[in-house]
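Structures follow.
Here come two complexes built around chain A, the first alongside chain B, the second alongside chain C.
Now for the complex of A and B:
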């Protein structure tokens, strides 16, 4: 039965070859094709012009810089909110613990369009947030169609992806060690900083990686909350494909995003692994 | 175990409020009797829900999404069960590669997948047809199903299988009578997770749908970029309802915490 694994995984391999590997290769070729505004992409004629545009034009620099800046900020906020929240959750007792964990994680399963729309209502000029600030004598602030709105909604979408890995590493933690530190007269804060934090660090780091990657390629949130002028990479690709009809340029932007994402992930992974290998001896 | 202090609980309450606020607001505004996005204060009305059911585009998109999610989740399960068996039970050249390939849609941005599939469908013709969409969605939901199938197959006691085989049962009989029933919670949970993810997907779908096959999230995205009225809130509330229903079912069959946190 040497062939068994092949025909068992064959159908899935066929689907992934046909709809993932081949299309990615086709898109890579497309991104080098000459673009003609009258006829579209010209097969068989190649140019580096699209990549030169992506890497040379200040407009695209601005888009990529904004995208990575927003994604890094979202990852940072998710660390500052998600990690303590996972810790608070892990110290609760059941049934509160399971119930509250579900409340934090369940929005993950609701369509991102619904959540972005909810935030557009909350942050609008007549929305609840401005009404609440108005009651305090502040504002009104212009929130909708600003980076603030995009960051808030992205944090809402990404927070579960931070809570899950931190929660998982907290579950592996031996509570006896923290108790030992406390019994040796360490203050609760010292215990948290010297005992708990180092052990959940891998969870925090992998969580921030996931959050950064997903935020950098997010489409619906900047599309609905950033408005027409506040573009991120994904909304620019969408415009190139469906409004400008310049597919080769859109493909070049999309593949640059993919390459940048993979580079950040692999680089981060090596950095983290290297640190822990050294730390663990 | 230490109790949480008042400061920790206050922080927790803020996080919970933050996570629930947009969903609660959507569901409340859906009941407004007004023509604008306002919170209903004195009276509740179902007029916007009625408007959704009388809106031909939204209804067509709802059925598209439903059939698409049923079809792609089923296809993904049919592919993931044998692939999971191959990956967990055999050591063969290319096993690591296949495992990485099957999980890669979790890492590759859906935007890039959408762009790539648009190129393929434009070249082979029939762009946006429903059949293509089923395969495209099966591609992105297979990793979810595969993970739960593999989790069910790892740490699986094989003595019952060996007993059946030693009593003369063929390979397929062993699979159908022993293996499948034992991994069934994982398979069903994987199917449901695939269903939810297909039903919610927007970024890839927006590139590969045609006007007649537009899915509900894509329709909502397009509607929300052009006009904002309580109709959108009513559709959103219905989406939250459908998702909540699916979550209750998933919890009964497999356990929601196991799906979300991966605890076994």
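Now for the complex of A and C:
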């Protein structure tokens, strides 16, 4: 039965090809097509003009820069919030641990669109946050349709993707190791910093990789909380396709995002692998 | 006043008692083993000495200082964990140096001490490796070097050899003893392996259900076990129900046996304990009793026989000294020297034996 592996992986391969590779290839071809404002994309005629525009126009530079800046900030905040959260979670006992894990994962059970609308209600000029600040004699602040709103909502969405890998690497830790450090006169804080943290670093780094990648390509949150003016790359792609009807330019922007995202993630991964492979395997 | 003193140490987990009223004095430089089956409280005792488990009741003193409630990171004890608990992200020398670094020792002195510690455990060549690149025995040595380099007043070993294979374990036993003698550190080891406890300890503490039932030199524990449990947990024993029959003799079924163990009331129910290696074969009719060989097992250096006799089945251990072994079904006499047998109180539960 030499052909068995092929048959078994057939359905998945078919699905993968049909739903990912073919559309991706078509998008790649589309991004090189000539665009005519009157008739749309012209099949069979090719140009590099769209890429020249994406790489040459400061408008696009700004949007890419903003996207990666927001994504990096979201990843950083997720590390600062999610890693301690995972540590606390790992020190909890059941049934508290199961309950808290559910709380951490709960955001994944609600549609991202619903959550984005929830945040827009909380952050709006008449929302709960401004009402609370008003009661303290502060504000009102403009929160909705700012980068702040996008970052807050993205952190909320992405946090589980940070907590889970960190939690997994904490689970792998030998509980005796912290005791060993204590027995060698290390303070609890030093133990955390010198012994626990370096060992969960691979988890933190892979979590930040996932968060960064998902944030950089996120669409619903910046679309709903960034408004018409504050654009990220995914919302620009949407605009090019559905408002400007310039499909080739949209395709070029989308592929540039894909390539940039891939480059950042592969570079990051290589950096991490090189540092931790020998010691932690 | 002894160096490490446990007085009435008790540990409760909720309602269940893990360690009950344990008192123990360890002299400076002594090697003491806590021996017992799993769940007997030996590891809990070690954890309390180390400061990882709070003490419910009682007192622990080290060199006259009360450390019962001291934090683990202020006790300064050297500990070797069952899993070794090496820091996987640090090299061997960084692992060993960690404790010295925490004591803010100057770098030059630190390097020298680390070098000496690695030399002590014969690991000079592996200083730059990571723990996962080492074998089990080497990791064990790193853990030992890490615990000893801080020159602790007491070294605690938690089942240090249980993760090694049989041959390496034997080798490490003697290595451990050599290092302990050389450094002279007071050592407390937890183990469930009676051979390990016997071969390297100065004294053995046998624990049963949270209590220390016998604290003695290894040979005393083996030859003069205080309870039925100890006589079977520490080595093997033939246990025969008997009744004291006048001065210096007991009646085992049809057999009257002279013993040199006194102090039991005439008529009292006792257990006669004879170690299999104390029994010897003699020509039929010339020993204390006769029997028929039921089974035999070849153990390499020894033969183990199961012999059916008038008082029940007996195990007999004979050295494989080149003489022809007995066949199954063969009749033989069995004899033992008077000092080879022991009397134990009959079936007293472990709780009241202490």
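Everything below uses one rule, namely that the second predicted complex is superposed on the first by the 276 of 281 C-alpha atoms of A that agree within 3 Å, B and C clash if a C-alpha of one lies under 4 Å from a C-alpha of the other, contacts with A are read in each partner's own complex, and residues count from 1 in each chain.
Heads up, the rule we're going with is that a contact is a pair of C-beta atoms (placed from the backbone, for glycine too) under 8 Å apart; a residue touches a chain by one contact, two chains touch by 3 or more.
Predicted model only: the values in this text are computed from it and were never measured.
*Asks:* Following the superposition defined at the top, how do chain B and chain C come out on chain A, clash or fit?
*Replies:* By the criteria stated at the top, chain C and chain B fit after superposition, with no clash.
*Asks:* Which holds for A:187: it touches chain B only (first), chain C only (second), both, or neither?
*Replies:* So A:187 only meets chain C here.
*Asks:* So in the superposed three-chain picture, is A:177 touching just chain B, just chain C, both, or none of them (first/second/both/neither)?
*Replies:* second
*Asks:* After the fit on chain A, how big is the angle at chain A between chain B and chain C, using C-alpha centres and going to the nearest 10 degrees?
*Replies:* Taking the centre of chain A as apex, the angle works out to 80 degrees.
*Asks:* After superposition on the shared chain, which partner residues are touched by A:4: those of chain B (first), chain C (second), both, or neither?
*Replies:* After superposition on chain A, A:4 lies in contact with chain B alone.
*Asks:* Thinking of the overlay built on chain A, is A:159 touched by chain B (first), by chain C (second), by both, or by neither?
*Replies:* Touch status of A:159: first partner only.
*Asks:* Figure out whether A:113 sits in contact with chain B (first) or chain C (second), or with both, or with neither.
*Replies:* After superposing on A, A:113 lies in contact with chain B but is clear of chain C.
*Asks:* Looking at A:26, would you say it contacts chain B, chain C, both, or neither? Reply first, second, both or neither.
*Replies:* Touch status of A:26: first partner only.
*Asks:* Who touches more of chain A, chain B or chain C?
*Replies:* With both complexes superposed on chain A, more residues of chain A are touched by B.
*Asks:* With the two complexes superposed on chain A, say which partner A:195 touches: chain B (first), chain C (second), both, or neither.
*Replies:* Only chain C is touched by A:195; chain B is not.
*Asks:* When the two complexes are placed on top of each other via chain A, what is the minimal CA separation of chain B and chain C in Å?
*Replies:* Distance of closest C-alpha approach: 8 Å.
*Asks:* Where on chain A do the contacts from chain B and from chain C line up?
*Replies:* The overlap between the chain B and chain C interfaces on chain A comprises residues 188.
*Asks:* For chain A, which residues are in contact with chain C within the complex?
*Replies:* By the definition above, chain A touches chain C via 174, 176-177, 179-188, 190, 194-195, 198-199, 276, 278-281.
*Asks:* Looking at the complex, which residues from chain A come into contact with chain B?
*Replies:* For this pair, the touching residues of chain A are 2, 4-6, 8-9, 11-13, 15-16, 19-24, 26-27, 30, 81, 84-85, 88-89, 91-93, 98, 100-122, 124, 126, 128, 153, 156, 159-160, 164, 167-168, 171, 175, 188, 213, 216-220, 223-224, 233-234, 237-238, 241-242, 247, 250-251, 254-255, 257-258, 261-262, 265.
*Asks:* Where on chain B does chain A make contact in their complex?
*Replies:* Against chain A, chain B makes touches at 1-4, 8-9, 11-12, 15-16, 18-23, 25-26, 29, 37, 39, 78-80, 82-83, 85-87, 89-90, 92, 95, 98, 101-102, 104-105, 107-113, 115-120, 123, 135-136, 138-139, 142, 196, 199-200, 202-203, 206-207, 217, 220-221, 224-225, 228, 232-233, 236, 239-240, 243, 246-247, 256-257, 260-263.
*Asks:* Sort out for me which residues of chain C touch chain A in the complex.
*Replies:* 50-52, 71-79, 81-83, 85-90, 98-99, 102-103, 130, 132, 146-147, 150
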